[in-house]
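See the structures that follow.
After this come two complexes, each holding chain A, first together with chain B and then together with chain C.
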Partner chain A sequence: MSRIIELFPFITILLLLIFGAFLTPLIKKKSSIVRTNIAINIITMMMNLVTLVYVNNYGTFIFKFGHYGSPFGIIFHIGPVEVAIAMMFSFVITMVSWYSFYSIEKEIEEKRVGFYYILNSLLLASLLGIVYTYDVFNGYVFLELSTLAACGIIIVKDKKENIKAAIKYLMLSTLGSGLVLMGIAFIYSISGHLSMEYIHEAIVASSLAKENLLLISIVLFSIGLGIKSAMFPMHVWLPDAHTTAPSPSSAILSGLVIKAPVIFLIKIYYVVYGFEFVNSSRILQLMLIFGGTGMIMGSLFARRQKYLKRLIAYSSVAQMGYIFFGIGLGNELGLIMAIYHILAHGLTKSSLFLSAGSFIEQTGFKKIEDFKGIGKEMPVTLGIFTLSALSLIGIPVLPGFISKWNLALASIDSGMIYLLIVILLSSLLNAVYYFPIIINGYFGEDNLDGKVFKSKSKPIKELIPVILLTLAMIAIGFMSGPVIEFIRSGIYM
Partner chain B sequence: MKNILVILPLILPIISAVAISSSKIIKDKYLKLFVAAVVFLNFAFIVNANIFSDLEIIHVITVNEFLDIYFHIDQLGKLFSYMAGFLWILTSFYSFEYMKHEGKERRYYVFFILTFAMIMGISYSGNLFTLYIYYELLTLSTFPLVIHADSKEALQSGKKYIIYSFVGATFIIFGMMILFSISGNMNFIGGGIKGIGEYSDKTLLLISFLSMFLGFGVKAAMVPFHSWLPAAMVAPTPVSALLHAVAVVKSGIFALTRMTYYIYGPMLIKELNGDDYLIPLVIATIVMGSIIALHQDHLKKRLAYSTISQLGYIILGILMLNPNGLAGALMHMINHAFIKITLFFVVGSITYMTGKKYIHEINGLGKHMNKSFIAFFIASVSLVGIPPTNGFVSKWMLGLGAMEANQVLYIVILLFSAFLTAAYLFPVVIAGFFRRGDDEKEGDRKELDPPRLMMVPIIMLSVIIILLGLFPNLVINFIDVIIVDVF
Partner chain C sequence: MKTSIVKNVVKVILPLIQIFGAYVIIFGHVSPGGGFAGGSIVGSSLILYRLIYGSERADRKFIYFYLLKLVSISLVVYGTLKGLIFILEHLGFNGFIPIGVPGNLLSGGLIMPLNVLIGIVVSITFYFIATLFEEGELENVNGAE
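Our next item is the complex of A and B:
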């Protein structure tokens, strides 16, 4: 039995790729495509859950393709971090597909609905691949695949602005991929391997001689993957892409697509280069600076936005800052919190985007000032929005608070107390731009003048996926202790 | 089973608030009845919980040593919960009448009851983290009360309130982060956490103490973080009364007491000289509050600045770091609650009955609102500190504390501010009783005392003010247990 479970990660990817992406286009009836894909998503989620339980009980395992071990074959490394992330990914995508089942037709043309679901499956497969793989080139291939699929779910709306945004994304992303590819070329030339563990051995064996080459390659990886995951100065593509995409796509893009490269980067740091080299190379200080400025600047930009989705997109830039900040602290707790924040933010941001999407869909407005008094019309949806926003602001026990708290402890651990100011300032800024939306939504007499009060609430069954996402978010906050311990057991350093 | 009984006062208001929020569950005509039942029942639960609190600790969620939400009822918590529970009953009866002219009653009662739960959480929390959670939730649950009028001005003030509160929370969390990294433990223990004094980096301890003190000082309206309080006067009068008397500012005071005496401990703070940095701010709070109050024509604003000044007394008592000082501070916390809620209720009655809000408008009103103005007079006398009222007792204790701390300066300030208190409160009484109104004819006498639902709480409170002045031992004996615990 256990042998079968060890096949699950591979099966899920295969299922998504072959059935979800390549065979469903052959189905003629559109509604069957949608149903098949949602079914596949649910199966993937279930299998990931089983894998999660399996890893929790029996520990990490390695999946070898075609029974060839590395360095000849490609291997998947399935440990606590990988399954936790994979579980989050598949859960979010399932919820988003469920949500879009009711509403996607309102945003994209009907003939493209099937296409949208196919791209979702392709995207999930590639993201899972990035998370699982222990082979740099294999990771690169999955990374490219995810970029293309992500472009697809932006363009699927087929408006002028979408195409513009997608081209911008594609250009910058290609630049990022190019840098990653160059990085791979460098380390391949040094070590002669593509498998992460073997590269590491080769590097350890000959580190002093080729230190500069290693330094160049690690910078290439950092910047390349930084572009893909919207690290602060390289974030310019993100607001356009995430704003113009259909709301379910925005949820996926913000929740998942920018997270997978971070996992890849963490693996490259600690599995390929190893703690000693990374720590001595000062690359982490760079991460810390980029992360810290991202936390502040992302929020400052968000504060000035007039469009709701754009605000949330900039908030993502700030939240990615937390993740890079955690990595940049260079201690165990920092790295754990980076991964925890990936989970937390994935859930939070997707429910934020979906609830914002519901506002836009039901009212037809896009600007923040038009959403005054929305709480009277859509109280449940704004309630969900509020909970997620409170998490980002850092109200205790919600996951955003847990991340901030532990990041602060990690900063104190590494002797940099002044970093607390960055964390606290950033959470204050979050409050500054989320509170007005909530307050004007629920309160204020002026905000309600001249409006007709009829409920625009969505039927509750259409909101269930968003509610589930929010519940998962709350759960991950309340159970942060076990979650953090679980991540700690599989941390790479 | 006993556990559940003890945390009932925390749960009941939340459930009731949810019930009230739906007009299907609680029909309009039963609304007030239900609210009355809830506050009475909850007071009964509080009494029950306080009596059966031999249960040491009630854990709600324990994730790890940090994320540990639990309740622990000690003497200080009992004191605070009794006070809050009692004043909540009086305020709710007062609101039944008063809120008729403010409208949106359902929304008001939802958050009114919800805030009750938050206050109970604050008084029963067993560690700093739990306290902090409830403290944040208190901000969120009182915010709709502050902006009840929904006017532009109200929203503006509400914004100010929430920004100040969150800046304060940021200071608190900064201090908590440093504290936790030092001690790894934030449970309240009388006299301070064990071993915290042995930590070598005293500067870091001092930073965390000051940061937290300033953070909690925001809700306690300490200068320079006081200006949200006068702005929040746009709220309906029962809300202002409650915010001032118990809910918000006193939770700030309560939290300050908790962190000073139950986390750091008076010995450590003396060693760090933590009080030296804060005393100037506190003195500024006392003097400045009084002086600004002198110039306010708006009745509620005058009372608001008076609150700022009086809170300064309490914080001063806390920072004296000696038994008499703390006893005086806690006494004054209770006494000021009773006094200030009376003053606000009377001012609210004036506004409710006549629509007048400014001092220059109330000339001669005392003849028509005899009982109300007598109550106002009693409360003013007490706030100035003239025997036989309760204000005298607490100021006496504070004076003793100042002597014990060898600070004549404190006594001078206390007396000076008492003089100012008289100067800003008595004109109201004088205007009411002795000035002749502008449009008044001889022998013209209307009965303007408010309806019974508002009048009875006012009279009860005035009686309590005098009773606590005559028999202060009731409270003193209660507080003595706390003093013994922390010193």
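Our next item is the complex of A and C:
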């Protein structure tokens, strides 16, 4: 039985690639395409849940592809961090495809709905691949696949600004993966291996002689994967891409696509290079600076935006700053909180984008100033929006607070108390740009004047996926203790 | 490009190109070549047909919807076969596909059928890409329902 469960991560990827992506063109009816895809997503989620329970009980395991082990074949490393992230990914994608079952036809042409679901499956398969893999080049292949699929779900709307944004994203992303490929070439020339563990052994054996080469390669990896995951100065593609994409795509892009490269980067740092080298090189300070400026500048940019989705997109830049900040602190708690924040932010930001998408869909407005009094027209949706926004601001119990609190503790641990100012300032800035939307939505005589209660709200069955996302977010906040312990048991340090 | 000399020459060499492509695909596991190389040769023959005899005749001959179906089925079969091998290997069922005498056509386990499937996918994809550059969008091609 345990042999069968060890197959599940592989089977999920295979299922998504074969039946999710390539079987879809054979199905004629649109509604059955959607049903098949949602069914496959639910099966994936269930399998990931079983794997999660299995890893929780029996610990990490390794899945070998084909007949050969690590130096010659490709292996998947399935530990607590991987299953937690994979579970979050498949849960979010399931909820988003459930949501888009009702609403995607309002945003994209009907004949493209099939494409959208094909790309969704491809995207989830490639993201799971990036999370699971323990082989550098295999990770690169999945990274490329995820880029193409992500460009696809932006361009599927087929408007002028979409094509522009997607080309921008494609260019920068290709630059990023080119840098990653260069980094792989450098470490391959030093070590002669592509498997992460074996590269690490070779690096440990010859680290003193090749220090500059290692430094170049680690910078290439950091910048390349930083572009892909919208690290602050390289975030320029993100606002356009995430704003113009259809709302379900925005939720996936912001919640998942920019998170997977971070996991890959963490693996590169701590599995390939090892803690000693990463700590002795200054790369973590670079992460800290980029993350810290991202936290503040992303929020400052977000404050200036006039369009709702653009504001949320810039908020993603700020939240990615937290993740890089956690990595940059260079201690165990920081790394754990980076991974916890990936989970938290994935759930939060996808529900935020979906609720913003339903505002835009029901009212037709895009600017923030037009959403005054929306709380009377769509109370439930704004409630969801409020909860997610409160989590990002950092109200206790919600996961945003947990990660901020622990990041503060981690920065005290690392001896850099002045970093608390950055965290505090960023939280305040978050409040500055989220509260006006909420307050103008629910309160104010002028704002509520002439609005009819629940006049524009969606049927409750169309809101169930978003509500489930929000509930999962609250649950991950409430059960932060066990979640953090679970992540700690599989942390790479 | 559509003079009768070209048309007649192409009429002669087209089957030869396709036979060579099929040869490269089928003997991929015992000689240089394989699914991708042979598939690109077959695909180039399809593109040549389209260039010389015009898009209307090519569309009548290679119907978009059926080609798409063929690609999808090939990919599904490929994934299923390859995935099944990995799964069975993991579960401990090993070597139930006879390997055969090295150098023979029927040897090397599943490599030959997998090469054929890759060849189908690659040739049709090459043809699609060429069509895409000509028409702008695949759905505009005649015969796409």
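Some points to look at:
Note that in this section the second predicted complex is superposed on the first by the 485 of 493 C-alpha atoms of A that agree within 3 Å, B and C clash if a C-alpha of one lies under 4 Å from a C-alpha of the other, contacts with A are read in each partner's own complex, and residues count from 1 in each chain.
Here is the rule we use: contacts are C-beta pairs under 8 Å (C-beta built on N, C-alpha and C of every residue); 3 or more make two chains touch, one makes a residue touch a chain.
Predicted model, so just to flag it, every value in this text is computed and none were measured.
By the touch criterion defined above, A:A408 lies against chain B but remains apart from chain C after alignment on the C-alpha atoms of chain A.
Of the two partner chains placed by the overlay, only chain B lies in contact with A:S480; chain C stays clear of it. Shared-chain residue A:I460: touches no atom of chain B or chain C. Shared-chain residue A:F435: touches chain B; no touch with chain C.
Between chain B and chain C, the partner in contact with more residues of chain A is B.
Within the superposed three-chain model, A:V397 lies in touch with chain B and out of touch with chain C [touch as defined at top]. Residue contacts after overlaying the shared chain place A:A205 against neither chain B nor chain C. The contact surfaces that chain B and chain C form on chain A in the two complexes do not overlap at any residue. The touching residues of chain A, counted against chain B in their complex, run 394-397, 402, 405, 408-409, 412-413, 417, 420-421, 424, 427-428, 431-432, 435-436, 439, 442-446, 478-482, 484. Those residues of chain B whose C-beta lies close enough to touch chain A in the complex are 61, 63-64, 66-67, 69, 129, 132-133, 136-137, 140, 143-144, 147, 149-152, 155, 158-159, 162-163, 166-167, 170, 173-174, 177-178, 180-181, 204. Residues 68-69, 71-73, 75-76, 79-80, 83, 85-87, 89-92, 94, 139 of chain C are the ones touching chain A in the complex.
The touching residues of chain A, counted against chain C in their complex, run 3-4, 6-7, 10-11, 14, 17-19, 22-26, 63-67, 111.
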